[in-house]
Amino acid sequence: MIDTGTTAFILICTAMVMLMTPGVGLFYGGLVRRKNLISMIALSFIAFALVSIQWVVCGYSLSFGPDILGLVGGLEYAFLQGIGMDGDGIPDLLFVAFQMVFAGLTLAIVTSGVAERIKISSFLVFGLLWTTLVYDPLAHWAWGGGWAAQFGALDFAGGTVVHISSGFSALALALVIGKRLGFGGHGMEPNNIPLALLGGALLWFGWFGFNAGSALAADGLAANAFIVTNIAAAAGALAWLCTAWIRGRPGSIGMISGAIAGLVAITPAAGFVGPMAAVVIGAGAGLFCYGALVFRVQRGLDESLDAWAIHGMGGIFGALATGVFAVAAIGGVSGLIDGNPAQLLIQLVDVGVVVAYSFGVTYVIARVVDAVMGLRVTEEEEYVGLDIAQHGESVRV
Amino acid sequence: MKMVCAVIRPEMFDSVKTALEADGVYGMTVTEVMGRGAQRGISLKFRGKVMPVELIPKVKIEMVVSDADVEKVIGIIRANGRTGKPGDGRIFVLPVESICRVRTDLEDPAGP
Amino acid sequence: MIDTGTTAFILICTAMVMLMTPGVGLFYGGLVRRKNLISMIALSFIAFALVSIQWVVCGYSLSFGPDILGLVGGLEYAFLQGIGMDGDGIPDLLFVAFQMVFAGLTLAIVTSGVAERIKISSFLVFGLLWTTLVYDPLAHWAWGGGWAAQFGALDFAGGTVVHISSGFSALALALVIGKRLGFGGHGMEPNNIPLALLGGALLWFGWFGFNAGSALAADGLAANAFIVTNIAAAAGALAWLCTAWIRGRPGSIGMISGAIAGLVAITPAAGFVGPMAAVVIGAGAGLFCYGALVFRVQRGLDESLDAWAIHGMGGIFGALATGVFAVAAIGGVSGLIDGNPAQLLIQLVDVGVVVAYSFGVTYVIARVVDAVMGLRVTEEEEYVGLDIAQHGESVRV
Amino acid sequence: MIDTGTTAFILICTAMVMLMTPGVGLFYGGLVRRKNLISMIALSFIAFALVSIQWVVCGYSLSFGPDILGLVGGLEYAFLQGIGMDGDGIPDLLFVAFQMVFAGLTLAIVTSGVAERIKISSFLVFGLLWTTLVYDPLAHWAWGGGWAAQFGALDFAGGTVVHISSGFSALALALVIGKRLGFGGHGMEPNNIPLALLGGALLWFGWFGFNAGSALAADGLAANAFIVTNIAAAAGALAWLCTAWIRGRPGSIGMISGAIAGLVAITPAAGFVGPMAAVVIGAGAGLFCYGALVFRVQRGLDESLDAWAIHGMGGIFGALATGVFAVAAIGGVSGLIDGNPAQLLIQLVDVGVVVAYSFGVTYVIARVVDAVMGLRVTEEEEYVGLDIAQHGESVRV
Amino acid sequence: MKMVCAVIRPEMFDSVKTALEADGVYGMTVTEVMGRGAQRGISLKFRGKVMPVELIPKVKIEMVVSDADVEKVIGIIRANGRTGKPGDGRIFVLPVESICRVRTDLEDPAGP
Amino acid sequence: MKMVCAVIRPEMFDSVKTALEADGVYGMTVTEVMGRGAQRGISLKFRGKVMPVELIPKVKIEMVVSDADVEKVIGIIRANGRTGKPGDGRIFVLPVESICRVRTDLEDPAGP
């Protein structure tokens, strides 16, 4: 039976999560150099459009089709065969749509690692392979009845599937494609901070649909997920702000990065922990990801827009924190503090496998695409900027 | 008095600015511009077709300095704004007849 | 009886559709020259405000009042007399609000045809006449129990009422007001592509409310409408992107135009066709509207922001596609492929009448307003730009 | 018992109201000088993050805890003790979240009074004191069972709590912190009108969640609140536009200010008046706030972004209008016209007390913070701009 | 060596640029500016009141060219940037003392 | 013919423009720039550390005027753009060799 309230909720949440994709595009676009602003926004749209089609063709089935050895779903639902307007609580088609916008967003986050230097044709090929070979299995593991779910790993709204995977994939991709010309020596200041803040605002907004919607019901659990999401974002923003302050000035980009770190970290935990744990998780993630970012810069890694530091490391932090702070009274599972240390171990294993799988497979895909068609634009095109070189457009002064 | 007008890569602006600072050259007016120069040598091939190169974001720095300082300033810009690749930019030197402040009514012949 | 789930859904959908109007403003604003950016955004707000008031005064009643000869509604509900907080499924007042935001958006789309040259006072007068004489009857025909509904024409969410009507009205208006000074010879590049992309993102987001909300229930049909909307948008974006690529470079404006074309085309079909048909409709609309745009440019028509090519022609494509791809299992009506060729004929007649009516009546209104008070600003004002000339404001470099 | 439809509705409304805070930031940011654009957006985020934490620590309890003498709530719910996932209609935690976003937004509005000159550290301290000592008691009075509620004062969605309080607090703050350097003589044109209009659009959108959500149910009352909200905004926009037109040119900033004035004024009334009253309230507020703004400028008051003129005075107008136009058939209470002149008196008293309390207490807090740590940046920092001076960031030309 | 500084209509920029290209003039620095000139002749009437004309978006092109090329460049701009209506713009020619590249240490007396 | 190039506070631009208007000086080209000058005297202390002052938004006005008008224009800018605090700006005067219109083929020696 379909519940109209729940269906209404998930319909809107799906739309809100969709808005996160251009949110990522605006956020990233504001952070790159002016000559690549359009490129970043366009990549996010292209990622979303590409995955939307792949999803109905085979992605959904690979993720949520009948389990094959705990690793991937079967192709029974390819082309959405047999998926209809009925369902349990919500229409099946709506579940497909809700999961679709997650998949699209995840690929958009990955563009961080190739910002300002990816060839658009190669991105299309890479993206198709990546969402099929990395995202779909991961989604199956956690939510489609795969091994991680069977194993008891907790991931409420996508800490592993969306954030660890996109963060470590961005890192692998960045290693394969190489640093931007002049990285390190050259100044590469954000070209449009207000735009980045707007993107961040859309992310914060959409994240409510992302986390609360993952309750798949308009109920108390959704409410819990909602409020802890906001609390973690706020705590992350303030924590990063203050840390940056101690070491210099409290920049707005730091503040919004902290908010995103908090949002990432609360993602796997949102249906398992309470508001006070959310303060700790959010603030902790702000500090932890700040540290990761500093480390990344010191190591001279050009994972350009910090999907690794914020989504990847924030996702790890959140997945482990879930194992620490989960309370049976909220999500039915206890964590370390609530007397179940085993859960933390389960989380650790899950994190380890997801990190290894997403980094490893992405690395291989990226190498293959690079060998076959070249991931990167020419030096001239990079100098001229992708807006002109790839899209034939430009942002006026 | 000369106006040294340098059009450089946006990416090199910070190091140029800091280097000028270190050498006591503070006064400058900076404009974000679009430019085209030797990158005419750059050709973007697109579906087999060579596309004309468009304008690329650059930063223009205008500094009015005393005649004696011109060489120094040019040297600093070259030392800190160079990557050695096409697109590093140009420096033009224009004559300036006089310079004054808005804040006071005094002429300001001694330069910046 | 009011259903809280459905009511919740339509309340939020209404808000989402409202956001489409500034979305159109930002989209159009990004595409014009810098000296008219504020003007385009302001026109969209003004259109929306104007129609909001007209709607409660008489627009709603003309559209949904008791049928008069199948042509228009009576004035029984003028000033919302007798419309209350009760209703069937949703409160009657909510239905009024939901339909209000459609009407406001439609007039905003029409501003495409007069971009960068309309006198604001004349736009107010034109807008009032247009929404009353064109939009309200069309809404009545399709949804208020008028002849088109009786005749069996399918228009789920406004392919004819909103898109064909606004597209062809924009064309008529463009013909009356004439080309922009220098059109053809002068370069008229978009002044702010990121802003246009942001506007496009808001449109895509709001369109979920537009199409899924048109189910007027939070149910399986809404879910179907939601997912086909997203699929068509994605397919349209990719189709246009690739076509533009073959002939040059894959610009981001093309991509987002393709997405809008797909969204337009799926609008009448969203409650009648399934996901795979949506791929075809979206991609087809991308190609078709691309062709229409090229045709428009070749013919030297200054329908400046392509409401005709995208909304008008996309609406035609979608209305006919509905007649082709409709499946009884989804919306209760079969189309050509499902064995009911008559439906395509019905759609054809409906399209023909709506094209003729909206183009014709708009042309007459525009001529009258032009004769009485002049539609167009002076040559000097056009040169100076409407931001300064009409609003006394300007966008800094 | 939890109703899924209502819960779905309030969940989404909460997210929509959250989006209003960056909406305020973008609106304000577009209106200041370029060197303070980032600062304004950042202040809104910081206000929101700060209040989010304060709210779960003690704010909620002070507002909605067991009543103490009608003045403030007790600390029983500090740290959200005893607040769970159950509830009446909606989960208790969701009510906490819904009220949280109101509190955060209100502090963001107050930044109007200190735009372009506040020290970020002092803002943090001031904000914490303000939300605790001003906002929380006011929320308790109106909605937490305090004296105003007992007294019968009507405030549907926050005319007094949010708007009068933020407006008059901004005024008090502006008086304490003093005028911007060069105010009056210097030109201080908006640096980015399109951004301000975008912010205004997000406000308009979010306001549906604000007002309709305040029905705390997805029902006819919510629908009424929704439609009157839109009508008042439209009427306000047109009224201000026309007034500005008579005295010069119809600027877009005036238009959006009028819309906000209409939205403010309908806020306390949304659940008590009908659509036709909304036209009058909206248009009246547009005129009234326009007058207040002109007065503010003539008096040389540097309440920089007109929270006082629009939120403060608009709030007063709306609170009194509620006493005039309330109809028993809608919200169960009659106003002047419906035969209950006493209600207007009650509203007057309520307004008077709230004006006095918020202005007075804010003035004292501001003086204390100023004395202890200085509210204002140095003259050099103000000249350089807060983006660089406070955040170490800047907006490129 | 001269700097030819042309302030033209944004709408005509593309055709001017293309024409310069066709004639071998590549080097240019472009700035979006606001300008006011002969359009003082333009008066906007507003509610009976004549409003002062504000600044209008223009594009400024700076080209450093050899003395010999000045006339050619001006001719191209005029031929391709003209509509014949007020607002077409102005061209200023300024003396340039020297020009050099950032990429190398060589002087660049031969011009762009 | 000279080019008077004034870099002033954005806040003072309106009054300067109006004053120039009142005195018959219409032609001008305006650019939003970032600048650094005497505000090097300004030091922002941050957590005890003195931070280098960054670039601040300024408005650059370029006016080509006849030699005779240079003093008048400078006087007007000074009178209307002054606050007396650091940051009021500088005025540079550059020589101009010739000026012409795009709209016609006539030289325009008489100036703006």
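Letters A, B, C, D, E and F mark the chains as written, and numbering starts fresh at 1 in each.
The definition used in the following text is that contacts are C-beta pairs under 8 Å (C-beta built on N, C-alpha and C of every residue); 3 or more make two chains touch, one makes a residue touch a chain.
Small disclaimer: the values here were computed from a predicted structure and weren't measured.
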Pair sharing more residue contacts (C-beta pairs) when D-F is set against B-F: B-F
Interface sides of chain C and chain D: same vs different residues, half threshold: different
Rounded Å distance between chain A and chain B, as computed from the means of their C-alpha atoms: 41
Centroid spacing, where centroids are CA-atom means, of chain D and chain E in whole angstrom: 49
Where chain D touches two or more other chains, by residue: 3-6, 8-9, 12, 34, 192, 198, 248-249, 392, 394, 396-397
Of all residues in chain B, the ones touching two or more other chains: 31-34, 51, 55, 83, 85-86, 94-95
Chain D-touching residues of chain F, taken from the complex the two chains share: 9-15, 32-34, 39, 42-44, 51, 53-57, 83, 85-87
Of all residues in chain B, those that touch chain F in their complex: 3, 21, 26-31, 64, 94-103, 105, 108, 112
Residues on chain E engaged by chain F in the complex (per definition of touch): 2, 6-8, 31, 33-38, 40, 52, 55, 58, 60, 74, 77-78, 81-86, 88-95
Of chain D, residues touching chain A in the complex: 2-9, 11-12, 14-15, 18-19, 22, 25-26, 29, 37-38, 41-42, 45-46, 48-50, 52-53, 56, 79-80, 84-87, 90-91, 93-94, 96-97, 100-101, 120, 192, 195, 198, 390-397
Complex interface listing, chain C residues touching chain A: 3-6, 8-9, 12-13, 16, 34, 190-194, 197-198, 201, 204-205, 208-209, 212, 217-224, 226-227, 230-231, 233-235, 237-238, 241, 248-253, 255-256, 259, 274-276, 279, 330, 397
